[in-house]
Structure formats: C-alpha cells, structure tokens
Amino acid sequence: MTNNQDNSTFSTKRSTVQEIEAIINQTIPILDHGFIRIIDYMGDDNAIVQSARVSYGKGTTQINADKALISYLMRHHHTSPFEMCEIKFHIKAPIFVARQWLRHRTANVNEYSARYSILDREFYLPSKENISSQSTNNKQCRVSNSNLKEEEIEFVIDILKNDANRCYDNYLQLMNINENTTEKIDPNKSGIARELSRMNLNLNYYTQWYWKIDLHNLLHFLYLRTHNHAQYEIRIYAQKILEIVQKWVPHTYEAFINYRLESKSFSKNALNFIKKQIKGEDITFSESGISKREWNDICEYFNLEDIIIK
Amino acid sequence: MTNNQDNSTFSTKRSTVQEIEAIINQTIPILDHGFIRIIDYMGDDNAIVQSARVSYGKGTTQINADKALISYLMRHHHTSPFEMCEIKFHIKAPIFVARQWLRHRTANVNEYSARYSILDREFYLPSKENISSQSTNNKQCRVSNSNLKEEEIEFVIDILKNDANRCYDNYLQLMNINENTTEKIDPNKSGIARELSRMNLNLNYYTQWYWKIDLHNLLHFLYLRTHNHAQYEIRIYAQKILEIVQKWVPHTYEAFINYRLESKSFSKNALNFIKKQIKGEDITFSESGISKREWNDICEYFNLEDIIIK
Amino acid sequence: MTNNQDNSTFSTKRSTVQEIEAIINQTIPILDHGFIRIIDYMGDDNAIVQSARVSYGKGTTQINADKALISYLMRHHHTSPFEMCEIKFHIKAPIFVARQWLRHRTANVNEYSARYSILDREFYLPSKENISSQSTNNKQCRVSNSNLKEEEIEFVIDILKNDANRCYDNYLQLMNINENTTEKIDPNKSGIARELSRMNLNLNYYTQWYWKIDLHNLLHFLYLRTHNHAQYEIRIYAQKILEIVQKWVPHTYEAFINYRLESKSFSKNALNFIKKQIKGEDITFSESGISKREWNDICEYFNLEDIIIK
Amino acid sequence: MTNNQDNSTFSTKRSTVQEIEAIINQTIPILDHGFIRIIDYMGDDNAIVQSARVSYGKGTTQINADKALISYLMRHHHTSPFEMCEIKFHIKAPIFVARQWLRHRTANVNEYSARYSILDREFYLPSKENISSQSTNNKQCRVSNSNLKEEEIEFVIDILKNDANRCYDNYLQLMNINENTTEKIDPNKSGIARELSRMNLNLNYYTQWYWKIDLHNLLHFLYLRTHNHAQYEIRIYAQKILEIVQKWVPHTYEAFINYRLESKSFSKNALNFIKKQIKGEDITFSESGISKREWNDICEYFNLEDIIIK
C-alpha cells in the first residue's frame, strides 16, 4: 500500500493520462473558499474504445479509428462504455451548492460530518458582479448581468457577512467553545452537542466531500450543471470539471460538445415546422401544434424574428 | 384520472390495506412544524409472497403459510421480494434532517425548491428535554438525558430563536419583500434573487419533499435511522414510519424486528468467545483477538460484567 | 391484508385509473407463449403534477393546466416527477429477451429460478414473417421484411424446433425425471441437480419474472426498446407496454411521443447545416464537419436527396 | 492517451498496489474455458482511510492506526468509504453464470453481443467431481460430494457435449456460415440474422464482459457468491476474486473475513436462547419462539447436539 498524498511517483501498468498526472492532488480554487482537487482516476479514451470492442466483437472492426468510434458511441447513446472510466474528486463548496450537487444519486460520496467535527468559520460571500435580482422570465434564475446599484450590493454583502459571522459566534457559544483556545468559554456551562449547534449555521457555510463518479454520469451532471439555467455557484464548479474532462478524455470531450452540450433536440411538431422552413413553405403558429413558448424559442434559435409572437 | 386529495373513495382491484387506507393523506405531526403524510402505497405482505412464489415456482410449495415464507425470506436475506412493495410519503423536516435523509440514494425525491419559491418562516427549535451536551463516549452523539441547567437551556433556545428570526428578516430584506403584503419593502431597491437570498437561512429551517421508496430500501433506512446512534431529530421520523410499516405489512414488520432490528451479529472472533462461554471454558482477552471495545460490548451484552476491561 | 388475485374489488383512497383497472391481472399474450400482465400500479398523470407542484411551490401557479405542466416537465427534462409513478408487471418471455430486458438496472425483479423448479417445455419459434437474413447496413439487425424462400424458412423452423425439443428431452434425462409422471425415468440413476441440467436448455426457452419500475425509467426503457433497431422479439413487448402507458397516463404519453419518441436531436455541426438550409444558403459536405453517415441521415430526414453522398 | 494492453509501464501519482500490478492484464483461468482478468483498479486500503477521515474530520484522530480504522468502519457498517475504491475485470463465463452475475445491479457492464458478432464454439462441461444429484435438504443446491456412478457421470457428459455441439453446428447452419472458411455453406441460401440464430445455443455457451464495481458492492457480491449455497460455477469465480481482494486491500480483506464472511447474525429469539445457554439456564424449544429449522441450525452451530429436534 502506498500513499498518494505526498506527491510521490509510482510505476503502473494502468492507463495513464499525463495531462491529469500533471494536476492530480492539486487544489483548484473556486469561489472565495471552495476548491476542486482530483484525487484519482481510472481509464481514458482508450478504455472506452476497449470496452466497446468487447461488446461488439468483430462487429466494430470497420470503425478503425478510436476517435470515430467514440463519436459513434456518443451519437447513438451507447452509454455503457463511458461508464468504464471513473474519477474521484475532493470538493469544497457552500452547503446550498452541496444540496444541489448531492441530489445526483449515481455517485459515491463521503461528506464531512458536523456531528463528528466542528466546521470552520468559512462562508460564501458572492462577489459583487454575481449579485443580481430575480429573473423576470425564468422562475428559478437571477438576471445574468447585475443591474443593482453599488449601494444595494453593499447592503446585501453586509447582511450576508454579519449574519454569517454572528451565527458562527453563536455556534461556538452553543457548544461553549472558545474559537482560539478550543477551551470552554464559560466554565460553568456544558455547551450543547455538535449535532445540535450546527443547525444555527447558515446555508452559505462551506462543507467538503469526496466524490467518485463514472464518466457517463459525470457527463450527465455536466450537461445539467453547465446549463445557463443552473445556479452560477454550482455552474462554475461544473465548468472547471468540464475543462478537466477535456484534458482527461479529449475525444470524448469533443463528442460530448458536438452531440450533447451544443446539440439541440426538437419535438415532433417542431420538426414539422423545420421541414416546412427548409422547403420554403409557410406554416402558421395555430397550424403548428406548438406551444407559444416553444414556438418563440425555435424562431429565436433560427433567427426567424419576423414570426415571433409577442 | 382521479384526484386523491379530496379524500374521495374509488374502487380498485389492487391489493388494499385497510389500516393504511384509514390514515392515507392524513398529516402526522413530528417535531414542532414537521410532518409525515402517506400519499400512496403499492402492495402488502401478500404481494411479497406472490413474487417470491414466482421466483421459486413449485420450490416454495412446502412453505405453505405466508407468514413463515416472509420470515424465511427475511432470515436468509432474500431481499428482492421486499422490493415489490412501494410507498410514497410527503415529508416536512428541518434542512439538517433533510441532508441526512436524502443521502439515501435508492429513493425517488421531489423537494421544495427555494430557487422557485420563498420558504416560510418556520424553523426547528428543540424542546427542552432534547437539548443536551456532547456525548463523551460517542463522537457523533449528544448524551441521551439532558443534564443541562434550566438557565443554559434557555440561553440555547434564545440564541437559536433569535438567530433564526433575524436571518429570516434579512432573507426578506435581501429579496426586498414585505412578509405580510409581499410588496417591495423599499421601492428604490430591486432585491436580489431567491436563489441567492436563501443562503442566509439557517440549517434548522423547514423544507419538504415527496419521497417514494420500496420496502426493502425503506427497511434499510429504518434500520440505520431508528438506531440509538441516529440523531434524535431524524430518529423520531423513522420511528413513526416504523409504526406505519407495522400497519402496512405486519408479517414483514415482525420478521424485521426479529431478524434485523433486534438481532445482533458477531464477528468470527466474538463467535469463538461465545462458544467457549457456552461450553463453560475460559478465554482471556489477549487470546481472543478481539479489540477492547468489541470485547466490552460483548461482555456487557451478555451480562459478563466481571470480565469487562476498564 | 387482501388478495388481489381473485379479481375482487376493494375501496381505496388512492389515485385510481379506470382504464387500467379494466385490464389489471389480465394476461396479454405476446409471441407464441409469452405474456404481459399488469399486477399493480401507483399514481397517474395527476400524481406527477402534484409532486411537481411540491418542488416548485408557488413557482408553478402560472402553469395552471395539468396537461401543460406535464408537457413543460417533459420538454425540459425535469425527470423526478415522473419517478413518482410506479407500475408492476408479470412478464413471460424467451431467455434471450430476458437477457436484454434485465440489463436495465433501475427496476425491481423477481425471476423464476431454474435452480428451484423445473422449466416447462415452452420455447419460442419465430413466426415465418419474422425470420429474415442479416441486415447489410446495420451490424446488429435483421432485414425488416423477410426475403427468404419458403423452403429456407421451413429449414430454419425445423432446426429450432428439433434442437429445442431434443435439448428438453435431454434436460429431463439429465434430471432422470419422466415428463408426465414426474417419477424417475431409470430407477437405477440418481439424475443430476436442476442447477446443472438447466444448462442444456436453449436460449429460446421461456422464463418469467415480476418487474416493477417507475414511470421515468419505464419511458427510457420504451425509448430504447421501441426503436426500430431494437430486436423484434423485445420490441413487440415494448410496443404493448407503450399502449398500456397511453391508458395509464395519457398526458404523459402524449408529451413522451412529442418530445422523445418522435423528437430528433441534432449535433452542433448538424444544427449549423440546418440553419444554412433555412436561410437558403449552401454548405458543402467538406465544410460541414459532419461525418458522411450523419450527413446522409440528415439529408434523408429532410428529403434533400440531391445532396446525399453515395 | 496511453495503451494499457501491451503491458507497458507508466509513471503515476495515483495510489498503486504492487501485488495487483504484478497480475494486472493477466488471464486467470477458471472452469474449462473461462477466465478473470484485472483490467484496472482505483484506490487501496489507504484511500478508504483517507475518505473516512474527510467525513469524520478531527473526530477520527483517536483511531490512529489505519488498520484499526478500517476494522471499525467494517464493524459499524460505515459503507461509503469502501465505495471509494473501484476495480475493473474482464470476465469470461458460461451464460447461465452470467445470468446470475449480472443480476447484481450496482456495477457497470459491457457484455459481448451475439447480435453483432458470432459466438465461438466454447461451452462449459462440468468436470466429473462437479456433477452430482439434487440436494434433498436444500431446494436450490446439488449435493456437495458427488455420489453418482461413473457410468451415470459419463452419460451426463455425453448428453451435454453432444447437444452443445449439435446446437452449435445448427447455429452455423441457421446463419449459413462455414465454421472454417466463414463463407456460405449453401450458396443458394441467405442464412438468418445473428440475433435470431443465437437463440439455438445452449445456456452453457461462454460469453464475456467487462465488469466495473466499487469495493463495497464487490464485497456484497462476494458475500453472496462465496456462500456454500451459491452455485459452484459462480462460487469458483467469487473465490478467485476474493483472493484478488486480499492482495489489493489486505486490511479490508481481514476485516471482511472477521465481520462479514465468518461472522454470524442471530435473531432476537436466538439471542435470548444464547443468553440462557451462557448463564447455564435451560430453555425449551416451545418457550423459545424459534422455528424448528433455526433452532437446529443454532444447536448445530454451538455443538448442542443433545437438544437438536429430529
């Protein structure tokens, strides 16, 4: 058994990706106190090709090039070969981000437990450019470019900072623990248990976890969490992980961009609309069977502004 | 399509359990603002027996009685027949409880989203008898019977109540929303988005979710969460669900108590120790190969106080 | 506890779908000896709406109509509300179909065990119109319309029938069991165990299992298995289940057809091609960055035969 | 991207286990034509300790030794740290073994597809000592020591060999493919598709698959499949994998043997019986509330032959 924490180098017969070896164990900072750290990985583009060839046997020999085979697998949703790669991260993020993140059920997780140990005084404060008002056309989002006055932004930051600090002070008071000495604050008090006092902390306090996931499920996570409707605070983690995927499995990354991230799916009714457009035939909104929202989405997408319905 | 919310009654050919029909859709209060509500269920003890008989074919005809077959399945860890029953709950609980609960990955979940909607001013305050100090012999627990002075208990409640209320006041300030009128507080401010302001809330705020799980995985959840090392605030939900299981599938409940909840497993080395005890032969701690902690656990369990190691 | 096998009727407060009640417990024949039988179900279109409204709170009030909300959920891949419905089937199908079917991991299964019980002399023989030669343009398929001569078809059926019967005869010989009397064939022989003798059976022997799955995962199964590249012998089961879904959750069915089954997804490069086509601008194959196979697929789809590459 | 098939050596910063490096990529023969081959692995005993320490924070510092911590985790069913290790195998086994194996749903699988490619003429024939009659006291097993006459054994082998060979001959006839030349057998026939002809093969034909699984789920697989009630033909694979686990994660292996494989669990009623035995007090069968079968199991286990009930 060897220790991978002191950055020693070992010799192995396993698939090895030099671009990942160059950054493994390194802390990649995200937000004000968060990070992503690659702990371990298994497989590479070649491992995907290998396992696909086991499934299809001689049936894959015509697709000689590995890159073309990966592209074929992605395009036709042959997902199981992508499950043959695995990656393990150490993540540190605010609790409200962790809550979204850990809803993805197909990963292995070990999270820091505030029943066992005391959380640090580390909480997330959004930077000024990330503070903005509720979006009016999307029920779940903020507007992407802040239109708030400097004064309101400072008001917001003050509230968040003061409440987080006071709640942390009281978290220590509840446990009756002095932050610096870890001795009792008041020798006549017992203090209450960690599992109780933690409830006084805010949702922007940082937590951390080990997260291990296969490539197929990671790509699904990235598909959802790099979307511009995903909350900024999780999207920025997802974007950084997407860059890691590009280093790790470059052919898969390229196919993922082409056939997933930047692909678009059209409904039966929308397809009929597109067919008409290509033929140069007219189709009215009421004929189309498409909802107003979807109609406008499609028109915007294809720059058909003149038929958008206000 | 029919609506099950107005408590209408329909006729069905499905397995039906009268004891559950009597409480379906009813809100069972837990903690100060939480609840459990049964929304739907599928199957009963008989459904387990039915599916086991499909697997074993004529190979099960010797075990005639349904109850004996369920007992046999539980004892021998034949888990798949128990997956053939399903139950759906509506749960309301504090966020720190939800965090533990939703770590169980083999369930279906729809949780309230504070990106879409504003949370109510509802937070958990432990009752006096549930406020106690950190356990000294268990790293994750509080002591079970509070030994705190009334004065300290009031100090704790004051902190929790004040911080929760102030953070909620500021949650509204951040969104610039008047709690009563839902109008703007300050007409010159925009307020920030819900997805941002929610981070100012404490972990004792209530959330709610729909939770659907099969009986096998529910029993595993109950095994872990009714354990006396589970935190009181989730244990009390688990205990109530265990009572529901007793009404729903009484034979399964009985087998679960006998072969799981009140069973005990012994290690290879502990078994050797027990064999010696039964034969009346001596075995010393050093011979046993058992850790001190495990040795003392076993001695306590079998009332062998004289050989406990201090 | 009540028994649902004798087709009795009970009263319930659960969501009830009359179209499913009308066919529950009935055997729907598939292939020569197979069947599908609905054993139980939980939820309906309304249950999906209900759980979505829990997630989004007041954030969904604008989408008043249930049907529009289901359409919205399907279009935007909000999958968790569809997991809130569950259905349980009894399936009988050939072993080679079961092998494909049970690769779907997100379902609960109880399969007949040939270690416990003897399989019946029931094997699948394809009907004449389903016997055809290997497809030349798809590595995994047969040609859809049989071009075989009657003579060759009869040759095929003879082989399959004779081998299946002889292997079954020998299966009984191996166990030393008389098919009619279930007595020993040869009183001087022991016969070998069921778990061994079963290996002599062919992959077209019928097996059966209970199968319980949530609606989201069922739709994914149907998406893959109703596809014209799926093997006919599993596709015909999938098509029948799709009809059941239409009765069970008609709004969901309609959204599934529009946004999944009859939708189409285009890659980044293909989208660029379509945009050009709509604008009436030319784009050559070499400029497009699209593989030849994908190019031709798109051209065929939009009836642009003149630019197909031979 | 590097290729791990030519047995090259690379340098890595990942946890590396020399005992596994020594056998990686090597084919370990099982049964007459099967094998196990380690393709890749992630983590070691130390990775388990690392991730546990992330969860418990300073709460684990008292358990200094890694081995003691692993033992503690195993004893208290803290399973998530064991999910942080992953291993990938290439397995070749008879189809009836694959059918049992692939029922374990928490693994990633790529199996050889007989729709894409032709299976080889390789089928399992049990060795003489593994051919035996149905167990009389266990509905699913064979007797462990063959009591069959040499003559009957040869009769069995003849049947299995002849049927497998004839079915394979006909498999080729159905596809109209000459085994040696891969040309058409009869130039006037088309032959039928691979997806159809494969149904003529027997369940003892060999298939192969890539199988990737985390350590926690692997141990659960091994717990079930090394059990003496598991069929010999899968048990022998499980036993070999257990040896690999011993090389890979020796501390985990030791804890698994002590707390799982050679541990024993007793029901509530059985525990009461044991307590009485230790105190030297009598308890009768009828008082005990234990089923006859369980009573006799316990008596046998503790060598209390005089109270076994015939």
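We call the chains A, B, C and D, going by the order they appear; numbering starts again at 1 in every chain.
The working rule: contacts are C-beta pairs under 8 Å (C-beta built on N, C-alpha and C of every residue); 3 or more make two chains touch, one makes a residue touch a chain.
What you are looking at is a predicted structure, and each value in this text was computed from that prediction instead of being measured.
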{"item": "Interface sides of subunit B and subunit C: same vs different residues, half threshold", "value": "same"}
{"item": "C-D against B-D, pair bridged by the larger set of C-beta contacts", "value": "C-D"}
{"item": "Distance between chain centroids, defined by C-alpha means - subunit B, subunit D (Å)", "value": "33"}
{"item": "Centroid distance [mean C-alpha coordinates] between subunit C and subunit B, Å", "value": "35"}
{"item": "For subunit C paired with subunit D, centre-to-centre distance based on mean C-alpha positions, whole Å", "value": "29"}
{"item": "Per-residue overlap in subunit B, given as positions that touch at least 2 other chains", "value": "56, 59, 109, 111, 113, 116, 139-140"}
{"item": "Overall pattern in which the protein chains touch one another (line/ring/star/complete/other)", "value": "complete"}
{"item": "Subunit D - residues contacting subunit C, complex", "value": "94-96, 99, 102-103, 105-106, 109, 111, 113, 115-116, 124, 126, 131-135, 139-143, 147-148, 152, 155-156, 159-160, 163-164, 166-167, 170, 173-175, 189-196, 198-204, 231"}
{"item": "Contacting residues of subunit C [partner subunit B, same complex]", "value": "1-5, 7-17, 21, 24-25, 39-47, 50-52, 54-60, 80-81, 83-84, 86, 88, 90, 108-113, 116-118, 208-210, 212, 214, 250"}
{"item": "Complex interface listing, subunit D residues touching subunit B", "value": "56, 59-60, 62, 68, 71, 75, 139-140, 257-259, 262-271, 274-275, 277-280, 291, 294, 302-304"}
